[in-house]
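Chains: A, B, C, D and E, in written order; residue numbering restarts at 1 for each.
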């Protein structure tokens, strides 16, 4: 098989998996929504609506059709890129997502950056000093921080750092008058795009605490995974061969052990991104940030079926995308996987 | 010392010349349960310039640990005694100086070439690394790498430099590992079972290559193996290790003709031969002791047919005996010659 | 490679003894609290006594009282049962599902394996928090639905890991050996493959309890798990959320209980892993 | 008498990319009752694949595998049961080939149990102890787990386990390759003794030609999945016809410095 | 300098924090408080309730109900501008009402019986009803008039609901700058007909659910006005020298609604016993910190046409006696409540404890509001007891009684109450044009309901707002907007 064809085949296969995953996901959520007690038409019509009005709304929303018909209609629209319209906001779900998701993604990405920039150096240092005092300290810290409930930590830090000592803002995403012109909906990015440093700084003060809280649990996981992986690799034979060439420990660690340990870390970080999107809801509620978590929570609470479906599918798609990126990254990093997928290079 | 004629035309020993490597009473220990266990237990030997010494022994006898101790590669173990290489005591060097010895004065080749190569780096990168560490420019290092692969008879060497280890066959990989060890122009090459993972025909080629290169470069070689056939074909001298110590040390001809230690004798008899039929193999009874359960006295006595009380109580030291060194209270008789 | 096992086992024992003692003590305390807490607790912690609400720690109430005037310490102790039992139920439930799926996948025909793994992919591709949110909402916000939601979302990881391990185990020569001797498929799976694959599960089971306790309380915190006046710790924190600055003890106590529980089980998992898997020990 | 027949056996493995690789190409040979057949070849030449096809661990793509009238790839039911009882395997790796969670006794007696040869537990245990004694293990160690045995001892357990059902054919896939010389000699001797004791037919796979010469009466040389040469011990070692066989034999080192030197000079001159 | 500019802008703005998701700014949903509050700043209504709960004109200069009660004639105020500078005319009123009728959701439920609008001139119109209804005119205080041209231009396929979700088409004192679900940012409309330079240039309505967060933000000076704080937090903030905590009377009433159709609570004696069990004084004092008035009757204080009933009291002995009479021993009941509301949760727990004193076991069942709403469609699924805070859309007794107690008001009759006598009285009131006569009918109905113990009315609650003393003025409710009307906010001159 030619190189190009094997690339195509690779992506076709991955895409198939993604499509299958999204389909099952959508169907699952659809089913779930139908099981939820509560009448969408009633909610759309309002708490004081008369039975006639509710019936009218039911008909307009197409909720009078059988579940099967609704199911097919749902997918039919979806194939046209229409995630449906929210029954509470009357917005296309896609639009709602466009408003809420960037904020969550910002939180998650900043948290991931914090996560990696703490856990990777810590992992490297701990592995370099394995058995030593620093290693021990880091491990104890990882164990303790890893056991902290994120929402509780958020509450405590919010109280201490923000409410009590006023070092950081308490809630929200921007100070009044500091909002950059909306472009992506991500305050930090928008501030950068507008070239507004003050605004960027402002946005950063707002995001640092929520992101740090979100990062804590995950960075302990990465730290542990990296450390274990590094220790394994450092025990392996080829590291001894590198030492036998006269390499410094630094070179051994950064140049050889680290690249060889990165695979499990990559996989873990990939799954973490997905989990972080989910966990963001905890942090978002505490810090009163807008985001997909709050949006979904509302949608679920109001039985806003298309909003729930849309968000779940969208998050699913993002997670699938992340997985794909992780796959590709692994292929970039490891020539063996490359060879297994695409033949000799 | 009685010398056999030197058939392979190796450089004759210069009398009075200091050996390249001399190891004196080397002990390597590891801590287990707050107790220190000697894995290598008082090994002394020396290697002259250009000499090839084979170190044989059963699995677990401490061959690899000895070899690594020479390079200070066993990080969790403690080595005592002295290892003087090229006039410097390895065990007293600073870490920085030691790094210069590794890959510089001493090169090392390992048993399983696959697991001793970084799977994520290209071959060229890995061969050149020895030089890059020493500040050689990338261009020069790569040129040198190419040169050395040519010397090792790797075909289409230039293309091979950009390939990854998994794309190589076993024999090729072993050549790469050899190249890695040789590129720093070492004086001593330590080869830890370099051919054990290879097929006989490839083994034959690699050995021939090693033979040729060591001869042309005047390299001293410490060759670790448990295949007595290889020893016979390659080495000038053979040292037999058992349970952490050297039990016999002599030139190959005398040793193979008339081993003085019962263990060496037993080993030689236990090997089936390709060149003759045999009905039944002589075997040594029992199994080699585990490092943590080495017997008192002579470590070999539980398996030895010649053992007597003294063997149980007193550990024999390596002593000079008819041009060889043997650690046995009751050595086998000298060959009638 | 050929290290004798006797030595391997001796090495770590000294090392973990202090940590091991701490962890064992913690676990023992937790189990004790879960078993006997509800029996020993005064009945008053179940009813509100608004008039003595939010009292700071005192001799009568070591950790003060909450917004309904109930003793915080006792509620935390009683909450151990709710939290721990739920977490154990969840982890056990999804582990069982995981074992079943993995066993079917590993021993069944290829297409079934493939299909099951694709389904697992789907399960893995969604953040469990999001699914739990949906499930909890579907079944109404309550502890039970949070438990069900987590049981249903937890299995894919277990199934995936176990299935991979089982596949590895099935590659081991001793499995082929048993096959050649004529061992039946059932015996092969139950006597040879499963016992040699379950190590990873035991470790995971233990350390997952810690994580599950956290997720469960998170769900309660955002209002889709256990509901007040339940003694579940997350619900307690949610209820006390407004008093961080005025009555810190109401928030601090359940939070610390949570942290201790998850840390203790995490460490227990590590210990079991180190004990069962020599490769993770200091001397390789 | 032919006990085992392989006829035109082919086997390919699907590669992740590219075409399937052919590992066995038209392999045919018989094993006569009572003989010890050696199968030699370099690594990857397909030796283990043959063993797996013989033991119904793999299904050949084409060709027939017949044991004593049993069509092996399609055997089921009682026939399969008899096959599993009468044909046994000893592996190379003494560490991976024993289930670490079963005691020596359970391992050895497992065949008796699954074939219902000895339903009585105590009797099974006695037989296991008997077998342990037979292969040179201390019967008192019956309740120990494999990881407390050394490599050579494990290989003895593996042999005892294979012999428990009183098989007629024993396939040994490099049973001594992982062992030290001194222990290797013990196991080879044991195999020789057992062959006599149990009246076994043995297929012995190895890449160590010296061991094969020592043990086997008839030898098959494999190269890249094809039989290059087969013949009696004398024919193969005394007068190899194929260049491949010759080069193989020439590469085997001889533990005798004088001979080795002589051989090297001969090569240099050539 | 950006910081300085931001500070200046901040000084000219008022930041208000409220609770709950703002689904839409479309005034169609003014039945939801989260929409009604911002809509009140963006739009105007035809009429409003004045000081004494009497209707006065706003956009309507004058209005008159026809004698047959079937139509209302109206004259509009001249010179009212929409935010896009077009002038408000009778057409816009007609468009607004027609749109509501057509869509039939949200505020449409308030103007049932609307037939059509006759436009008699630019500022002159007549609203026609299908049947005489005394309920129609007051409802107009929640109908915000939209700019017909603008909405038509942005109609899309759902009569502008999508567009209006985040844009405004109003004539109110503020116009929308941005809306993100969690916050509406508004700027002052300087051409407002009732312009006042003391209005802030910027007005932000943020969603901050957590009371403690609002409390902290207020003390930190990041918020100017905080709404929906727990009473405890408000009381705590009363000591802050920079803040003022105000309490307002409201029509918000805490109550427990019984299912009057099925189960043990179908028995009036049981209901009465339950009413006698609750510790009203304790609950009001400890949970609501005394910020309210004990209830006396089905409707909250502050609404006209209430009979003078005695307030509810706890009487354990009497309650036990009643239970015994009803033959209910070892009664086990379920109380549904929304755990998201802190104080309701406490009340639920308190009630549970109180009922234990009369030998009734109560299981607390958390319920989400949509689930609760859905349960109302069938009396059999209505929760046995539901703890709620309910408030009047506008202070009119008729609409509350009509929606809450008429047997055919399925969905909004939350107790499943069905009493032919009540039905008859209410039907009669609907067509009674004379205010006093109608009032008497309403009072009669309330007495019957109270006697039937349809609900356990706890107390009418006060609402609060906490605001920065030195910055904000004009904080207070209007009858149609609680807890405060954004349009009333003013900056204090420095």
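Criterion: a contact is a pair of C-beta atoms (placed from the backbone, for glycine too) under 8 Å apart; a residue touches a chain by one contact, two chains touch by 3 or more.
Everything numeric here is computed off the predicted structure, so don't read it as measured data.
Novice: Count of steps on the shortest touching-chain route from chain C to chain D?
Specialist: 1
Novice: Could you let me know which interface, A-B or C-E, is made of more C-beta pairs in contact?
Specialist: Spelling it out, more C-beta pairs touch across A-B than across the other pair.
Novice: Of all chains present, which has the mean Cα position farthest from that of chain C?
Specialist: For chain C, the chain whose C-alpha mean is farthest off is B.
Novice: Going by the average position of its CA atoms, which chain sits the greatest distance from chain E?
Specialist: Chain centre farthest from chain E's centre: B.
Novice: For chain B versus chain C, what separation do you get between their C-alpha means, in angstrom?
Specialist: The mean C-alpha positions of chain B and chain C differ by 52 Å.
Novice: Find the geometric centre of each of chain D and chain E from their Cα atoms only, then give the gap between the two centres in Å, rounded to an integer.
Specialist: So the centre of chain D lies 88 Å away from the centre of chain E.
Novice: Averaging only over C-alpha atoms, locate the centres of chain A and chain E and give their separation in whole Å.
Specialist: 39
Novice: Among the residues of chain E, pick out those that touch two or more other chains and give their numbers.
Specialist: Counting only residues that touch two or more other chains, chain E contributes 210, 216, 368, 371.
Novice: Find every residue in chain D that makes contact with two or more other chains and list them.
Specialist: Answer for chain D, listing residues that touch two or more other chains: 151.
Novice: By residue number and range, which residues of chain A touch two or more other chains?
Specialist: Touching at least two other chains: 37, 158-159, 163, 285, 301.
Novice: Please name which positions on chain A make contact with chain B in the complex.
Specialist: These residues of chain A touch chain B: 236-238, 240-248, 251, 256, 259-260, 333-336, 339, 344-345.
Novice: So in the complex, which bits of chain A are touching chain C?
Specialist: Answer in residue numbers: 17, 20-21, 24-25, 28-29, 32-33, 35-37, 131, 143-144, 146-152, 155-156, 158-159, 163-164, 217, 228, 232, 235, 271, 274-279, 281-282, 285, 296-297, 300-301, 308, 311-312, 315-316, 319-320, 323.
Novice: Please output the residues of chain A touching chain E within their complex, sorted ascending.
Specialist: Residues 37-39, 42-54, 56-57, 85, 88-92, 96, 99-100, 158-159, 162-163, 166, 169-172, 175-178, 182, 196, 198-199, 285-286, 288-290, 294-295, 298, 301-303.
Novice: In their shared complex, at which residues does chain C touch chain A?
Specialist: Listed in rising order, the residues of chain C that touch chain A are 118-119, 121-122, 124-130, 133-135, 137-140, 210, 214, 217-218, 221-222, 224, 234, 237, 241, 244-245, 251-252, 255, 258-263, 266-267, 270, 279-280, 282, 284.
Novice: Under the definition above, what is the set of chain C residues touching chain D in their complex?
Specialist: The contact residues of chain C facing chain D are 1-2, 4-6, 172-174, 176-184, 187, 191-192, 195-196.
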